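What follows is a set of notes on a single structure, which appears directly below.
Going in written order, the chains are labelled A, B, C and D, and every chain counts its residues from 1.
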Amino acid sequence: MTDTRRRRSAEDYYAGLPEFDVAPLWKDLGNLLTREPKVKAVPHLWRYEEIRPQLMEAGEVVTAEEAERRVLMLMNPGLQDRPAPTRAAATNMLYAGLQLVLPGEIAGPHRHTPAALRFIVEGSSAYTTVQGERTLMEFGDMVLTPNWAIHDHGNESDEPMIWLDGLDIPLVNSLEATFFEDFGDDPQELTKPIDASARTLAAGRLNPPEQREWNKLYSPVVNYPWKQTEQTLKNTAQDTKGTPTDGVIFEYTNPYTGGPVMPTMSCYIQLLAPGMHTEAHRHTSSAVYHVARGSGYSIIGGQKIEWEEKDTFALPGWAVHEHVNGSSSDEAILFSFTDEPVLRALGLYREAGRERQG
Amino acid sequence: MTDTRRRRSAEDYYAGLPEFDVAPLWKDLGNLLTREPKVKAVPHLWRYEEIRPQLMEAGEVVTAEEAERRVLMLMNPGLQDRPAPTRAAATNMLYAGLQLVLPGEIAGPHRHTPAALRFIVEGSSAYTTVQGERTLMEFGDMVLTPNWAIHDHGNESDEPMIWLDGLDIPLVNSLEATFFEDFGDDPQELTKPIDASARTLAAGRLNPPEQREWNKLYSPVVNYPWKQTEQTLKNTAQDTKGTPTDGVIFEYTNPYTGGPVMPTMSCYIQLLAPGMHTEAHRHTSSAVYHVARGSGYSIIGGQKIEWEEKDTFALPGWAVHEHVNGSSSDEAILFSFTDEPVLRALGLYREAGRERQG
Amino acid sequence: MTDTRRRRSAEDYYAGLPEFDVAPLWKDLGNLLTREPKVKAVPHLWRYEEIRPQLMEAGEVVTAEEAERRVLMLMNPGLQDRPAPTRAAATNMLYAGLQLVLPGEIAGPHRHTPAALRFIVEGSSAYTTVQGERTLMEFGDMVLTPNWAIHDHGNESDEPMIWLDGLDIPLVNSLEATFFEDFGDDPQELTKPIDASARTLAAGRLNPPEQREWNKLYSPVVNYPWKQTEQTLKNTAQDTKGTPTDGVIFEYTNPYTGGPVMPTMSCYIQLLAPGMHTEAHRHTSSAVYHVARGSGYSIIGGQKIEWEEKDTFALPGWAVHEHVNGSSSDEAILFSFTDEPVLRALGLYREAGRERQG
Amino acid sequence: MTDTRRRRSAEDYYAGLPEFDVAPLWKDLGNLLTREPKVKAVPHLWRYEEIRPQLMEAGEVVTAEEAERRVLMLMNPGLQDRPAPTRAAATNMLYAGLQLVLPGEIAGPHRHTPAALRFIVEGSSAYTTVQGERTLMEFGDMVLTPNWAIHDHGNESDEPMIWLDGLDIPLVNSLEATFFEDFGDDPQELTKPIDASARTLAAGRLNPPEQREWNKLYSPVVNYPWKQTEQTLKNTAQDTKGTPTDGVIFEYTNPYTGGPVMPTMSCYIQLLAPGMHTEAHRHTSSAVYHVARGSGYSIIGGQKIEWEEKDTFALPGWAVHEHVNGSSSDEAILFSFTDEPVLRALGLYREAGRERQG
């Protein structure tokens, strides 16, 4: 070290660092390593009775060519200062949208590395085809279009269909791993019987022995039918009120691993018995909830979110939350999807109990 | 080496070896390392119409105290020169028996390291309780009482119940790993709702999140109900004739792994379409088949085995086999259990296709 | 839908959407789903001969209290418009820094969910203690301080020590899963022999049977000693030039799984034979390279990066790259760390070969 | 049920059952389900100073053609009433033999589904080639020739080589899964550098990234060199006396899984500090021990087994055992192989502590 250097002031020193594309950690530590996560998303409710008219109006505003993406994205108010590729987000790493497909419309086959799931909100018998298997969708069905799986859809029924889309777009864009490919306007060829995976795999925990050759990270099931989901919930609810924090709760699983349906998102269905008020807790994973049945409210981060059937709401990561079924006679059923598998796989999932919020 | 030694004859040399508890490999190699497996079990059929009367008569012969083990073991004729602990075998490593439980009878709780499964042949509503969960059994149900799981059973109905028992006794005895424990005559306490696991897990591929804490090698499902099994078979049979060697075939699985129900035995159910004649093949695993529905024949190692409903037959390991549904109008359904998971886990499973047998 | 609504202009429609916290996907699709990843980091070189003097000068500028974080972070020029918690990044999801510890200095024990690794650049015999095990660090050693592992360090030698820090801070901050905990100024208690894990696990592929109880996602090895690393490289280089794209390359592994040392970052060491010019390829994972031995250049995304011993350079994700050992007589050895395990775990790892760049 | 039947005596009933190939469980239960394992093998010692002369004499007795199998099999006295394919056994499911290869001899390539391991007892630089990789063997090396791996060997040195063979022949023959194939007399082609796997994998826990394509159930390492083994033992013994029941003990592992080297047998090396007397315990797995260094005794099932260097002894399954290093100044080192992975994979491994034996 020369005298010259020694005589330089601290100010000059700091001013000179950018030239070398370096920066002093000791000035920035508080931004980098926080005691607890700094979560930017906020608890938020999207009311179906408000969004649905906007969605229906989109049917008129949007041209025929654009119709295949007639989706209103649910934008978390806390995330609107993020750049475009990650701003369309319901929680930190989860995208949600409400999609409308009108009778007679089709969307051509395509695939992308962001994975998608659908929970059917309204309508009957529109189809999605995933890698050669077509499924006819009904209320409450949960349909997977995983990472890089070719899919297309259409509505050959005479009523509109609306579903909730869940994707990991903010995550995949954050990881700079988005690929997209289009296959034109014609529906893909059907190479399997309609609803083959649901018919084969939905009942009885029986797997075709070919399973041993399945080497994907995601479930081969295209549609987890509501009929089976509801039956399981009701059977179990006769026996138990379930877990303190979530009532009767189930994870949709990959038949070949028992694990989550996709490596980036897991899906849950839960039933709150009449009048149930769950214990509060929190976890580093975030979630998007959709009200399949019933009404009530959740307290999230001290904020009361009152929900009705078909509403959607956001649970930010690490936010304390508890759920209340507002009815003393009817069950409430909540569907949700979450980025929990990501946090678990990376050793970053953490959960903590909490007192109920005042 | 001394002169003395050198002058000893080969005969003297060999005669001297046993004193040191050693033996010359070069004299015995052909016994130890064979080009192909030397399988001792033979293809064999046990006709239900013959065995059932013997079983019913056992109800009179057997004293009340012994009634809880009123089982006729299916003894493979090829294995009757084995010592007692492994002679009771339908194939090399698999035990099978037909068990009768008369109305009013109970068997007290016990457990053992050999694992057991039951396929219900006759009767309705007798119960088995496994680790606090009671199941009411019906025709076609497949019930697990895994390694070291406390179980007891009783028949509170007004008709006899008969089931097929499948165990890995010959394997566990060969491995000298058998433990047994008795818990007296009183039924164990019920700690879970009746049929809880079937009700919770049978439909929809939904798992309770507690799954992640399950650390057993076997499935938590007590009863795989026939209702779900049959539905899956029929759904799938509408779409396909299934695999060339086995028709429409499914493996019963552990919901938490997607793997076999127990580490030592796997269970399969398969449907042969009317008139189906499968392609021949063979594998190192052996199996016990039971005819759930229909009639037909199998050719096993060149021998024709003609089977009717409720018959049981043995497929020895490495025996070429093919199945024929003898009816041109009705489906045939075969249940089977096999030691395949053992051979796979140890790297010893091998399969080969073969021409149909003349 | 009312007449009023129908008469609303498209402009008015779009203007009204933010009120409902929704946005039209069809206007934003190009930002969300791109044909290929949009990577913001740029190829970049940090020259040791430039950075080292800055680091040494920091010894004078930084107060004693701050000394324990005397790190110059390597800031990728392409990422400087990101917000503070993720701006300190050498590539999209990887943080890198050069840390100086002067003789006599210590840093008290702390832990954080971001995981860290160290590659020793200069000095000898400073220590790091990780969960009760102290290691004395030498040139080329690779030291792990995994997610939430308590660690502290000090320099009881008489020369400065400099190491390269690698962390997953941008990733963990993006996932909003950062926790941090401080344990004061006193070094943690030593509960294991010095360098116990290196001494036990470095040689011979022998594991203590207690391994079966290890349930962490990261390796139990604290220090992967250079002595072993170099020996393996040299042994292998005598036999082969290695893979076309990376020469003789090894992944540091977790002895209990054979997988990467941590779930979020993997470490590699590679030797380029004299004069070797590797084939070009690219992958969605990014990496930070550090030159352990030798000199040469890499072509990354068409840009030539000329490196000398102890330099560090950034490989952005999906950037085509090839490496050249500039010497015709000496080997070049590159250490690198990468976010590859994240992309693999999530099904987002993709690799493609490419022609050499002009 | 007819009157006739009812009038049949119990004796007549039992006499009639064999005709139907069934047998009454209630008469045989005690043979099938025992409270604890009935273990037939006995504790036994094979003294090297006794066996070695027999082995050397075999060099004269055995013709040149047979020389390639010049092995004296260690025959457990408790198992000599078993049939030929499983009688050659040192414990229930483990075969052991001492093999002599004289200078100039070769054994042509062959493979078999029983897996083999070798622990080198005497000699230097004879070779084994396994799937194209040749290893030169020295004292203490542990060499794998796994299930169905083509191997051959020869002795191009000028001294005899003797090694201990360990195989799972009794297990594989019990499972009726033995296949064997011969490839003539010429050594197989060398496709890899000599000792490539040892040189690449022995030091440093570095794996070639190709590891991800390894899909075998066994380790790719051909030779675990004594040099590395001894270094690890000595390093660790400086720090600790190890576990109460086994002293300083390590399992040889598969670098790609961290698990045992083969699915049917695991290998251990353990060091007993001078004077160490371990605590007694037992487990369902059996083992064959070989004394690599030192002398002492073990108490097995109440029987004292006094061992010297190069002796081999049998530990039957479920036998209580404890080891004593007879020297107050020198370490004792025991190599062992065991069927533990089989019992673990099948859920049949059980371990229990016990008081020291009188």
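Convention: contacts are C-beta pairs under 8 Å (C-beta built on N, C-alpha and C of every residue); 3 or more make two chains touch, one makes a residue touch a chain.
Everything quoted here is computed from the prediction, not taken from an experiment.
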item: Copies subunit C and subunit A - interface residue numbers shared by over half, same or different; value: same
item: Identity of the chain that, by mean CA position, is farthest from subunit A; value: D
item: Averaged-CA centre spacing for the pair subunit C and subunit A, given as whole angstrom; value: 30
item: CA centroid of subunit A to CA centroid of subunit D, Å; value: 52
item: Residue numbers of subunit C (touch at least two other chains); value: none
item: Which pairs of chains touch, using the document's own definition; value: A-B, A-C, B-D, C-D
item: Interfacial residue positions of subunit D with respect to subunit B in the complex; value: 1, 5-6, 8, 10, 13-14, 16-18, 20-26, 28-29, 31-40, 44, 46, 50-51, 53-54, 56-58, 60-62, 66, 69-77, 84-85, 88, 92-93, 95, 97-98, 112-115, 147, 169, 171-181, 216-218, 262-264, 284, 317-318, 342-343, 345-348, 350
item: Subunit C contact footprint on subunit D (complex, rising order); value: 193, 196, 199-211, 219, 221, 224-225, 228-229, 231-232, 235-236, 238-240, 243, 246, 249-258, 268-269
